[in-house]
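Next up: the structures, one after another.
Below are two complexes that have subunit A in common, paired first with subunit B and then with subunit C.
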Partner chain A sequence: MSVALPSAEATRRPRLRVDPFVLLAAPGLLYLAILFALPLAILLFRSFQASDGTFSIAGYIAFFSDPHNLSVTWRTLKVAILSTLLCLVLAYPTAFALARARGIVQSLILVAMVLPLSVGVIVKAFSWSIVLRSDGIVNQTLLALGLVEAPVRLLFTETALVIGSANVFLPFMVLPIYAVVRQIDPELSPAAASLGAGPFFRFFQVVLPLTLPGVIAGVAFVFSLAISMYVIPSLLVGERLSTMSMLIARSFLFFRDAQLGSTISAILLLMAVIVVLGSSYLVRHVSGGRA
Partner chain B sequence: MLQQTIGGVAAQQTVAPSAPYLSVEKIAKAYRETRVVEDLDFAVERGELVSLLGPSGCGKTTLLRLISGLVSADAGRVVVGGRDITRLPAHKRNVSVVFQNYALFPHLNVRENVGFGLKARGRAKAGIHDAVTEALQLVRMEAFADRPVSALSGGQQQRVAVARALVVEPDLLLLDEPFSALDRKLRETMQVELKSLLRAKGMTAIFVTHDQEEALAVSSRIAVMNAGRIEQYADPVTLYTRPATGFVLDFVGLSTRIAGTVSKSESGFIEVDTAYGVVRVPGRFRPGSKVLLGVRPERIRPVSPDAAPADSEVRITSMLADVMCLGSKTHLYGEAAEDDRLVSEVSGAQAAESLLPGESVAFEWPREATLVYPLGAA
Partner chain C sequence: MTRVDRAALAASWAIAALVVIYLMTPLVITVIVSFTSSTVYTLPPPDWSLRWYERLGRRSGLMDAVVLSLNLAVVSTVISLVIGTAAALAVARGRFAGREAIATFVVSPLMMPGLVVGVALLQFFRELGLRDAYVSLLLAHVVITLPYVMRTLLAALTVFDFSLIDAARTLGLTYPKAVLKVLVPNLAPAFLTAGLFAFLASMDNYPISIFLTDARNKTLPIKMLQYLEETPDPTIAAISTGLILMALIALMIGARIVGLNRMIQG
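Up next, the complex of A and B:
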């Protein structure tokens, strides 16, 4: 055991001291506390407040007893899950291409990912409605190829919503996965191959577990963005297929029902928080503190 | 186990009596326009430890990857134990690789890393556990079985990488600069340890390295590579005393090197015009050819410029440029023309005290100790 002496790690003791670098987060945290946490707390408080100011859960009862609200909640959830999945399928290979590409190619892929973010959602939504119209390029192509006999209804459907939102949120899936992939030692896959692991074994035993933290982060990002989107559904599907955000807006602006609006906000927030906390728990769990 | 090995060898010999265990034949690999390895032949006997030695970019790592199947050959064959594996993907070759940075799986602990190859081969859990424990004992890492690999030191990581590569009982073990990430002291310990471990297992192994001391320490034969070709493949003594090319002369060990032009050639001797006058050495080159003269430093003695030269000796005169005392020996460097080197090695440290840079000095060596290579052709 000449070389295998106890490492410094064994003698190191954890110290109870505040790392001065933590203080660097103070301005950002203070900003968020005043402009995000405080209003949110007020909103939550108001969801339990009747119009006369007394405590009441009437808002929650009213929300869940209306089948329309339940179908909106279900649709919101479904669209968020589907667009998260669509993003994941598109983003996973892209992240690898981005990590392995060099020089100009890498820059081009990165720009292609980030540049669309600079185009406002409204501009995008209107351009999709041009493409997805019954006489738009998608339908014309489908008709020309003989795949359909009559134009397919694309606008004002959940499909349009999933396609549109995945389009906007794709970078938020690609970038966290890319950040993880670029950290992976490129020799790991060859090492696994030389140990007798075929392509599937390599993917499921090496590549996937190592990229999982990025996947989970991306899913948390995209899901929480997709579940609370407002502009995209307003422009693409309108009032016909509402989402929870639209319901919230309508409660506040149209019905002037602050309690209902606050209630729906609280429910929406809870769904997003569950996914975000759940995914950060998963990150710690799957990486086992080793990654 | 012993009987099995003997039986294996016997069976081998009935198939191909004189075929080496690993045989690389006319292999070639190019990336775009760059030919990294060209028409290369290379062979290793069963149980032999050999090194591929060369500067970076000489193609040694590519050759290693061609043998392991991590890159595919453009032409040629790779045969291990009579089995042509040229067209097999890496995971079907049963050739293990120890990587320069060890490439341990960061999401797995020590035991899971070592067991990876067995799991990939679909072995039963109990069998894997026992084999892994045995492999960890072999590299004396059994106490670390449940540690994450990130908690290990460099030397410990290397042991895990070696255990992981050996536990699958490969036909061939390839090691890509396995010691380069370790500090000098630990490197020497690990070299000795690994060599005796591989010997004990009867493993056939190829080390890739750019460090000649490492090659000399771990292998019985060394293939010196340059520009995609093997310049010389021989045991360490032959490489040092009879380097086949000027490149090997320079790359392996220290040498005096003097460029010159042949002015006269007769009866096995040539006279060479050098920056230090005409020298007469054994050799057969046409007058007018550019040649490189090489002499190992321990064959050269520094002598007083006034003493009469013996006829059996070559003598050149220069100024002493530098005196380097290395403890048990001292290197004396003479002022040399560009691309030349004049160096003499004397034993002991006393020379460093009696000689001063700037003094006039004569270097003398036996004529037959001169190595002559064509220059400029390569």
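Up next, the complex of A and C:
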């Protein structure tokens, strides 16, 4: 339990009375319990069922003994980690710049964060496929600058997937970090400096710990989006370099192999659940009761 | 400021500039491509034309998809605003145990793999015998939009000073009146932000919808991806430019009413 929310003991109501606020939460909770948690639980349960209904982990054994599936899983994780890292490296300084920016510059950065959300993943991924083509802008620029002699293959590579996905997820990293950066007292760092703290000490001992809740929230969100992305890889790398989501879609929509599809779904779901629970634990841990 | 501080500051501005360019690139490309005269995506375009905009009206299937997506987005956002605000209020003001778990749970659909949620819902609806694609899509889109409302409203309610309502009551207002005159105006920016993000999430959803559509009920993202795979011409760029323009107008209105900074806080 966080300390910021008033604790149950703080109220002087008789114990057995139901808090009327529970009723307010009921519609939303029931909705998600029935139309979100229950279907996912059934799917998870089914993945441990053989065709005759008995308990079995045959689906998982089959999944993990196929080297193709293992390479897809590894690629999914690798691309998600790289994409998350690229977002973090770009977003962290941007959040500080945004917190310092005023007037038109601030508006410009904010619009750049929000406007791309209106365009949709499909259009953005498709634009990147135009940009990264062998005769696209990137290659034209590289050739014109004499950096390369022949067009570099970018499209249908993992590099393209990282560039395209980090582009789509970047605002989701900047915004939570910005939310904590703007709350840091601007006098804090000068104060530490006046006490003799050097710039590196100030960053690692004062600024970084204060921004950690935002960083964890951003990393968890972007990573969970990146492991489950479907539209971006199908437009940028196609079938050649499948990700777990593409494998799920293919098993259900084309192969009609529900067993394989359910197994991968369950694995991906477990990963996402671990990210959600782990990040909410970590945020509480690092904020030490402040959040 | 030491030299290291100044260098760090300069670097942060440089990276922010890079980020703005990086984020705007796909939008700029889309707008340019929509005005090309060519059927392929050569950049820069050989000549300018409006032919892809003229074709938009004739693509009746595309317009049906726009209407269905707008319909789903508006209805699911409204439902989410009602039940999501109630849940956020319960978590922010209630005194019962497990409120934090409730907050995490209601926001969690945001982080669950869309395709998996789609598959799970498809199997669930089949078992219930629900065959209506529109109803299936709507039920699913509330799951998509609800987390945005919860997240934004909870953040707004946590910083709202509820003693203001008591103050208003001491000044002679009844409780419902105090809520209406003090709480609701204070929450207006949060409603706007939550509504906007929920609406956009619903409009853009592909992975959940793909499992729940039928031949007659195709949402815009599904139609667009299908179209890109079949006839990849700049019509898609033209429709996207229209969406960018709409979003820009919505942002300008939002910025005037609540300010950009408050809009993205949630």
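Everything below uses one rule, namely that the second predicted complex is superposed on the first by the 260 of 291 C-alpha atoms of A that agree within 3 Å, B and C clash if a C-alpha of one lies under 4 Å from a C-alpha of the other, contacts with A are read in each partner's own complex, and residues count from 1 in each chain.
In this text, contacts are C-beta pairs under 8 Å (C-beta built on N, C-alpha and C of every residue); 3 or more make two chains touch, one makes a residue touch a chain.
Since we're looking at a predicted model, the values are computed, not measured.
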Between subunit B and subunit C, more extensive residue contact with subunit A: C
Can A:T94 be said to touch subunit B (first), subunit C (second), both, or neither? second
When the two structures are overlaid on chain A, which partner does A:G238 contact: first (subunit B), second (subunit C), both, or neither? neither
Is A:A192 touching anything from subunit B or subunit C once the two structures are fitted on A? First, second, both or neither. first
Who does A:I248 touch here: subunit B (first), subunit C (second), both, or neither? second
Looking at A:P209 after the superposition, I want to know if it touches subunit B, subunit C, both of them or none. Which is it: first, second, both, neither? first
On the A-aligned overlay, A:P27 touches which partner chain: subunit B = first, subunit C = second, or both, or neither? second
Across the two complexes, what residues of subunit A are contacted by subunit B and by subunit C? 1-2, 4, 193, 198
Subunit A residues touching subunit C in their complex are 1-2, 4-6, 8, 10-11, 13, 19, 21-25, 27-29, 31-32, 35-40, 42-43, 46, 90-91, 93-94, 96-98, 100-101, 106-124, 126-128, 130-131, 133, 135-137, 167, 170-171, 174-175, 178-179, 193, 198-200, 203, 220-221, 224-225, 227-228, 230-231, 234-235, 245, 248-249, 252-253, 261-262, 265, 268-269, 272-273, 275-276, 280
So in the complex, the part of subunit B that touches subunit A is made up of which residues? 68-70, 89-97, 99, 101, 103, 105-107, 109, 116-117, 119-121, 140-141, 143-144, 148-151, 153, 155-156, 164-165, 168, 174, 186, 189-190
Sites on subunit A touched by subunit B in the complex: 1-4, 7, 9, 185, 187-188, 190-198, 201, 205-206, 209-210, 287-291
As the complex stands, subunit C meets subunit A at residues 2, 4-5, 8-9, 11-13, 15-16, 18-20, 22-27, 29-30, 33, 41-43, 83-84, 86-87, 89-91, 93-97, 99-100, 102, 104-106, 108-117, 119-121, 123-124, 139-140, 142-143, 146, 150, 158, 197, 200, 203-204, 206-207, 210-211, 221, 224-225, 228, 236-237, 240, 243-244, 246-248, 250-251, 255, 260-261, 263-265
